[in-house]
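Labels run A, B, C, D, E and F following the written order; every chain starts at residue 1.
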Amino acid sequence: MSFLADLRAQAQLPPVLPHSELYGRVSEFLHHEAELLDAYRFAEWLELFSTEIEYRMPVRTTQFLVDGEGFNDFDFFVDDHQTLMTRIKRLETEFAWAETPPSRTRHFVSNLRLTRDEESGELAARINFLVTRTRQDLDYQMFTGVRHDRLIPDGDGTSFKVARRTILVDQTVITATNLSVLF
Amino acid sequence: MSFLADLRAQAQLPPVLPHSELYGRVSEFLHHEAELLDAYRFAEWLELFSTEIEYRMPVRTTQFLVDGEGFNDFDFFVDDHQTLMTRIKRLETEFAWAETPPSRTRHFVSNLRLTRDEESGELAARINFLVTRTRQDLDYQMFTGVRHDRLIPDGDGTSFKVARRTILVDQTVITATNLSVLF
Amino acid sequence: MSFLADLRAQAQLPPVLPHSELYGRVSEFLHHEAELLDAYRFAEWLELFSTEIEYRMPVRTTQFLVDGEGFNDFDFFVDDHQTLMTRIKRLETEFAWAETPPSRTRHFVSNLRLTRDEESGELAARINFLVTRTRQDLDYQMFTGVRHDRLIPDGDGTSFKVARRTILVDQTVITATNLSVLF
Amino acid sequence: MSTTSQRTDSDDVMRLSSGIALEEIVRPDEGLISRRIFTDSEVYELEQERIFARGWFFVGHESEIPEPGDLVTRSVGTDPAIFVRDDEGQIRVFLNSCRHRGMRVCRTDRENASFLRCPYHGWAYKNNGELLTAAAESHYEEGELDKENLGLIPVAQLGVHCGLVFATWDPQAPPLDDYLGDMKYYLDLIFNRTGGVKVLGTPQIWDVETGWKFATDNFTDNFHVFSAHHSLVELGMLPNDPDFASHGTMVVAEEGHILHLTPGAPTDEYAFMGLPQKLRDQMPEHLTPEQVAMAEKVAYSAGTVWPNFHWLQLMSSGTLGQRDVPFLNLRLEVPISPTRTRMWSWLLIDVDADPEYEKASYETYVRTFGPAGIYDQDDMENWEDCTRASLGPAARKHSLHHTMGIHRPLDESWPGPGRAYADSYGEMTQRSWYSAWMRFMTSGWSDAQDGGER
Amino acid sequence: MSTTSQRTDSDDVMRLSSGIALEEIVRPDEGLISRRIFTDSEVYELEQERIFARGWFFVGHESEIPEPGDLVTRSVGTDPAIFVRDDEGQIRVFLNSCRHRGMRVCRTDRENASFLRCPYHGWAYKNNGELLTAAAESHYEEGELDKENLGLIPVAQLGVHCGLVFATWDPQAPPLDDYLGDMKYYLDLIFNRTGGVKVLGTPQIWDVETGWKFATDNFTDNFHVFSAHHSLVELGMLPNDPDFASHGTMVVAEEGHILHLTPGAPTDEYAFMGLPQKLRDQMPEHLTPEQVAMAEKVAYSAGTVWPNFHWLQLMSSGTLGQRDVPFLNLRLEVPISPTRTRMWSWLLIDVDADPEYEKASYETYVRTFGPAGIYDQDDMENWEDCTRASLGPAARKHSLHHTMGIHRPLDESWPGPGRAYADSYGEMTQRSWYSAWMRFMTSGWSDAQDGGER
Amino acid sequence: MSTTSQRTDSDDVMRLSSGIALEEIVRPDEGLISRRIFTDSEVYELEQERIFARGWFFVGHESEIPEPGDLVTRSVGTDPAIFVRDDEGQIRVFLNSCRHRGMRVCRTDRENASFLRCPYHGWAYKNNGELLTAAAESHYEEGELDKENLGLIPVAQLGVHCGLVFATWDPQAPPLDDYLGDMKYYLDLIFNRTGGVKVLGTPQIWDVETGWKFATDNFTDNFHVFSAHHSLVELGMLPNDPDFASHGTMVVAEEGHILHLTPGAPTDEYAFMGLPQKLRDQMPEHLTPEQVAMAEKVAYSAGTVWPNFHWLQLMSSGTLGQRDVPFLNLRLEVPISPTRTRMWSWLLIDVDADPEYEKASYETYVRTFGPAGIYDQDDMENWEDCTRASLGPAARKHSLHHTMGIHRPLDESWPGPGRAYADSYGEMTQRSWYSAWMRFMTSGWSDAQDGGER
């Protein structure tokens, strides 16, 4: 799919190295974001997103490698700022049963890679994510994959907004009941 | 609970950024600590703790979010230096059956956030933890959550002691047989 | 086993700290490597290995701690450059059924520790690894352990080659069907 | 697991091995359905033989495999299947298991192939199922390898209505046309309203820790919306009126084939399923005048082709402040175990839809239904917690209550076929579903599908 | 899963479907208990009906829900339940399942609520169980919705002794008072010794991969301590004397209701369960002189109210070099599957305890018992490895051996009720437990609880 | 789970509780084996009693426990066992379960111990199984503790051939010598060819989500190689000739004991199993001239001692461009559940092998077989996908086809014992295996092992 080509192009840019300030700030930013999600601080979380955010999780299928990575023309999430806002407001009602009482999630941010487009100044951050969930008295459920973020500098340039997020899950069948969790 | 308020206050301090030396040293310290645990080097592990250590893992319950995060007045661990020492000496006997023969644990330290109280110089480090365990011929068991550490500089200031550790587990029912593992 | 003594000796060297450039470059290198594996870019992956590579995963057994960590004289992998090349060429045929259609793996690189032998300039990097796998419509399988790499500087010294890799798995019984995954 | 459940001719009831008769614990006429049947493993095993090995099951839509060689993998009942268009363009459905040693012959979700080669020993089948070559053929002695009869195992019967492909493993099953009976009238209303519908992209698939019937029970249930989806009421995205979705009609088209047709707000926007004018204009060409008049009053419809195939023709919004947009969603529950079920969900779009409308319909579906949908995710929570509360030895002695509308009179004025009831809040449809369930569980095909709700 | 196990009147034994009679493989009088009953799924299923649907089960302590509307979720037997104090202050226990479609009505571990609204369709129940409003009530025809009879399903009987709340799903069960019988004398000794006890905080809950009876068997077993907890002997935290915990008395209060009372070191510190003087002083007010004399000689006590409720009144130390401190721990095993069990553990404290003592008792418990306790964690290892070694077809043909004390004479001098035996090392208690198990598994209530160990 | 499957004397067939007779669905003579028996839980449970509690099972090789006190833990059938050399040097095999409460007595994979102390209460056993001390012995009354008869439970019979140790839990089983019968001739050929073989290191163990018989079925199947391992053909590491491994002989040594002996390329390199000259030179000393002549023509051999023990004597290369090197691999499948199996794999080496050859043989094995082996990993994929395709109610009505060679004439010229067939592509061996399976499943020992393929 075309969005994959775009993501791959970004990944070809020279890496911003882990000991750099920029990588440090992005790392902090992503950890902060994960913490907000796990702490149910959804409104603060959404503030980290650009109003132009394109938030997407495509459906995956099992295909032969020669036929591609299995991302076809369908999604689990295809959100913009207003729909994310809707999700969050919904979670803040006391009636969003899938999360009332709330799940306990843990977002593990790992293997951060960062590139920077010298011309536009835009950053592309990709991580391996592991999200665990337990709710009520139930055992763990798990989500894994790669997440690609386009970040744009915010304010004095020391923080960021997420302008595009693409969540590439590893499973073709989501074995974890539902996707009431945000990524 | 009051300890949660305390932890939250610390988390409000400005972050020490990942590319800083201090963050690097804390990171190294925590990785070193994890390695000692997974390598059964318990006596060395305990040396990383202040003699004043307060080591605690509260019990969690499922509650509505409006009623809090579910940490009530009970614990799985409520240890001090002497009781941690007791645990370790016990593991070193050949009769601590839950760990004889030993489990194979793996402590994954992730999403490190660090703050520093300018006045006291005390550091607060919080991580997302994933601990996996397998023992005998059994499949994996898993523990996740957030761990809050208060660190105090040690020696020439390039290393640390853990002065307080609070382990906030995600599960309300521990589905993994027992807590013979340290965190 | 003697290789364990060797690995332990390296781990005694003073750590290269996480905020250093060297650690940053190694970190980037390992994340890059993990990404190549998860993206089925096996030929590029193998280019990161020295032609002298010793690639090994010993079998583990449950033993009392006094009898050692359970690594005895047998392996799951005992590969050199030519055998890794063979594995990769095989994966590139359309007939390597265990990976045709391909599994979706995710290599989580965590708890990186780095040491440097001042005399030889060789680096020893050890990580905790978590590898998840899902294939077809199946649920997750999981592999964990410690991975020890000996790295040698490559080219202008800003990149590396893996000269030896030792993968110490946590399980004595691999509960995940097979080891068609690389580590 | 096999069981000793059996129909005892002496007393003419179906007894579980514990001695309990299904007829005692499942009484659809009274609206009393025992929790036991939702989670019990003996009942589950009986269902495998009596329902999943015998019934008609949705396989997919013709549009999913438009070209010769197009192939997707599916379940037919609870068996793995290959849904393929052969080189001649004919649609075929096969058990996904090699005749030799039983290997899954097709191991992707989708591909295009003229023949399928089994990885194990290499038997190769044409995409019409014929065995092309076995392995080591010259090592078979004469008469040992009956290639003619060793093609892929086809379903016993295959049927298509409005592009919807159904199949059964049972040669004794009535033809699809008879099986659907009066339900075809309503399938036409939904799927044949315009110049055709097609599947968009690929289905979403996910697993829920629920007995399959808790999910199935939910689809024609209109009155759960105000509570189960109350978060949307709270946000003002659903009317703050508990009766808002009640002003329609429930229909039992045939025993077990059930649906509701429900109007939305009394504005043109919600007429004709909310479709754009261009598509509304196509209706008279494809539907009878009676059906067109019916469609005019439909904003919401859900229907079930017994047992586990559903459509949802809905209007909703996934975004605060945005108007409702229609979409047409297909659903299937495939049991994995007594307490685990795989959910399949497809989105359909009218072939003549404009791109902007298609995009709006797509985005609305994804945001509101499916595993991440702000409606659907709460349904799954309900199914799982119903399941967990129905496992114990105390719970399973008690019945669920499906009594709403037991005494409701038929709506004699209803122009369409089937038994219709004014008011789309009611449990007439579920009772009919459980009646059909009882027929399948206790009878052969000859008596499995006659009669109606008594 | 249902089974065909049945009591055959002809030979008057309970046969599994394989033909094996329980009476042959479980012979408590001889101390021979087959490994088979600990892991077999047919036995497990029988237990659900014959034990968990019929017995009396511990629900919680009154002090856990002090205020009107206070509510915690529990298991009663193996069914999910709500333990609530209603607006009138009355304690009630309900099946946690909506009468409508079976949804879990209460989905937290604890809350305070005047009414419970079911998420699925919105049925609302008062905290006394009455159905306040159903959903879409106006859509029920007359006579379709019997609200009076559609309140939450209460347990069949509820009983309280010393604040300990028990319940049963079986209306035929004898009243709690009769069921406990002479066990009340000992429950009083432990739970009524001072001005009352209360639960501290919330229970610890964790799952162990064990057949539930391996855990249950362990509680009145005093002689495992020296080996199972030998790490503490090694550290000098337990006496290096294999007989150290043997100098007490084992009592079969009623068939299956069992306990031991064991002195510690012969110092005042270990007298009167090690309680602080202030609490000791309360004893004469609450106990009979006979009981007070008994209490004086108790440092350790464990007891089981058949089948799965236990107390542990122990003195221990979680810290090298620190003195032993008493605590009172309640335990419950809730089976999840033949080889998986959920453990519940509560800590009680005397209501008149000083804060310092309360803190010391609390810390001692947490450090030594519960899932992280330096004693308890090794017990779980034993239960799991007993389970794993009892699964195979060879193992299950062999019996465990509970023969210690088969010929031991009664201690006729014992002042309390029940059959007492001098020496608290012995397997008299477990044999009695398995005798009760056999009664439940093979008999109705009328004969399930008479007689004693033969 | 127990079942009501039974042999009905009236019609003399073994019926599952659903009424299906095994004799109808498993017809080895016709090469028709129902998918049902591979995944059905009732069949699985029957297998536990009729096969795993009765058969002879491979435990390990003498060389794994060379010294007194050496001990490794194993499965015998599906029960956990201890394989130990006692202080007198005698090899013994015990159930790994304490006689007292059933605890796993040995909890490591390997250790050296003169006695084993049970963690739970401390019963101590000598490494010859005798009970040395129980716990709290002085608290048993006279006659309560029969220590003489409370040693570890030994297997009913133990037998050794060529250092291969086998055991059975069934005292009625024929002695190993009789059980192996003519298979000993071929075991000698492989394991007694030189001055002995020994195990290298420790076995690899891993779990595969497969019914155990799908794995077992694969071992003497020679004609899967060209397809299942086609990646190696593609790389030029296997001949690009579908018949390349067919030029040998298949032998049914005894019903169920099966093997093939197959030559490689017609060069000296592939003669005598590819062994180095030094080892070849030892053959005449250990084998008969007839066997030596046979060995000369063997590059590949696989054999099964019924039901689940296999050898693989193969030549392969794990490295592009490197020559094939021989290795001798032992395999065992231990069922965990109807759809899960634990695989054990040992590598053997001739005791007189030079270090360089030993290293080459070791590396070749590790690279090509075992869970990471470039051959083996694809086999597991096949077993799992066969299993998944055989679970549904439609699939299980259909048979697998093992018809190759049904009419193939015996090779009367074969010098060795048993029924031999020229051409090592064929399904004669599997049919014999399923015939033995039917005997075990439907008969007692007296008739379980006579006769041959009809």
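The rule is simple: a contact is a pair of C-beta atoms (placed from the backbone, for glycine too) under 8 Å apart; a residue touches a chain by one contact, two chains touch by 3 or more.
Since the structure is predicted, the reported quantities are computational estimates derived from the model, not experimental observations.
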Co-neighbours of chain D and chain C - touch as defined: A, F
What whole-number Å value describes the gap between the mean CA coordinates of chain B and chain E? 33
On a C-alpha centroid basis, what's the spacing between chain A and chain F, in Å? 49
Nearest whole angstrom, what separates the Cα centre of chain D from the Cα centre of chain F? 46
Chain A residues counted as touching two or more neighbouring chains: 18-20, 23, 62-64, 94-95, 97, 100-101, 108, 110, 130, 136-137, 172-173, 175
Give the residues of chain E touching no fewer than two other chains, as numbers and ranges. 1, 3-4, 107-109, 119, 205, 228, 230, 378, 381-382
Chain pairs satisfying touch are A-B, A-C, A-D, A-E, B-C, B-E, B-F, C-D, C-F, D-E, D-F, E-F
Report the residues of chain B in contact with chain C in the complex, numbered from low to high. 18-21, 23-25, 27-28, 31-32, 34-35, 38, 40, 94, 100-102, 104-110, 130, 132, 134-137, 139-140
As the complex stands, chain F meets chain B at residues 107-109, 119, 205
Seen from chain D, its contact residues with chain E in the complex are 1, 3-5, 16-18, 20, 31, 35, 38, 40-42, 214, 217, 221, 223-224, 226-228, 230, 242-243, 246, 378, 381-382, 385-386, 388-395, 397-398, 400-401, 403-408, 423, 425-426
Applying the document's contact rule, which stretches of chain E touch chain B when the two form their complex? 107-111, 200-209, 228, 230-235, 237, 318-322, 342, 347, 362-363, 366-367, 370-372, 374, 376-378, 380-382, 384
Flag every residue of chain C that touches chain D in the complex, lowest number first. 95, 97, 100-101, 136-137
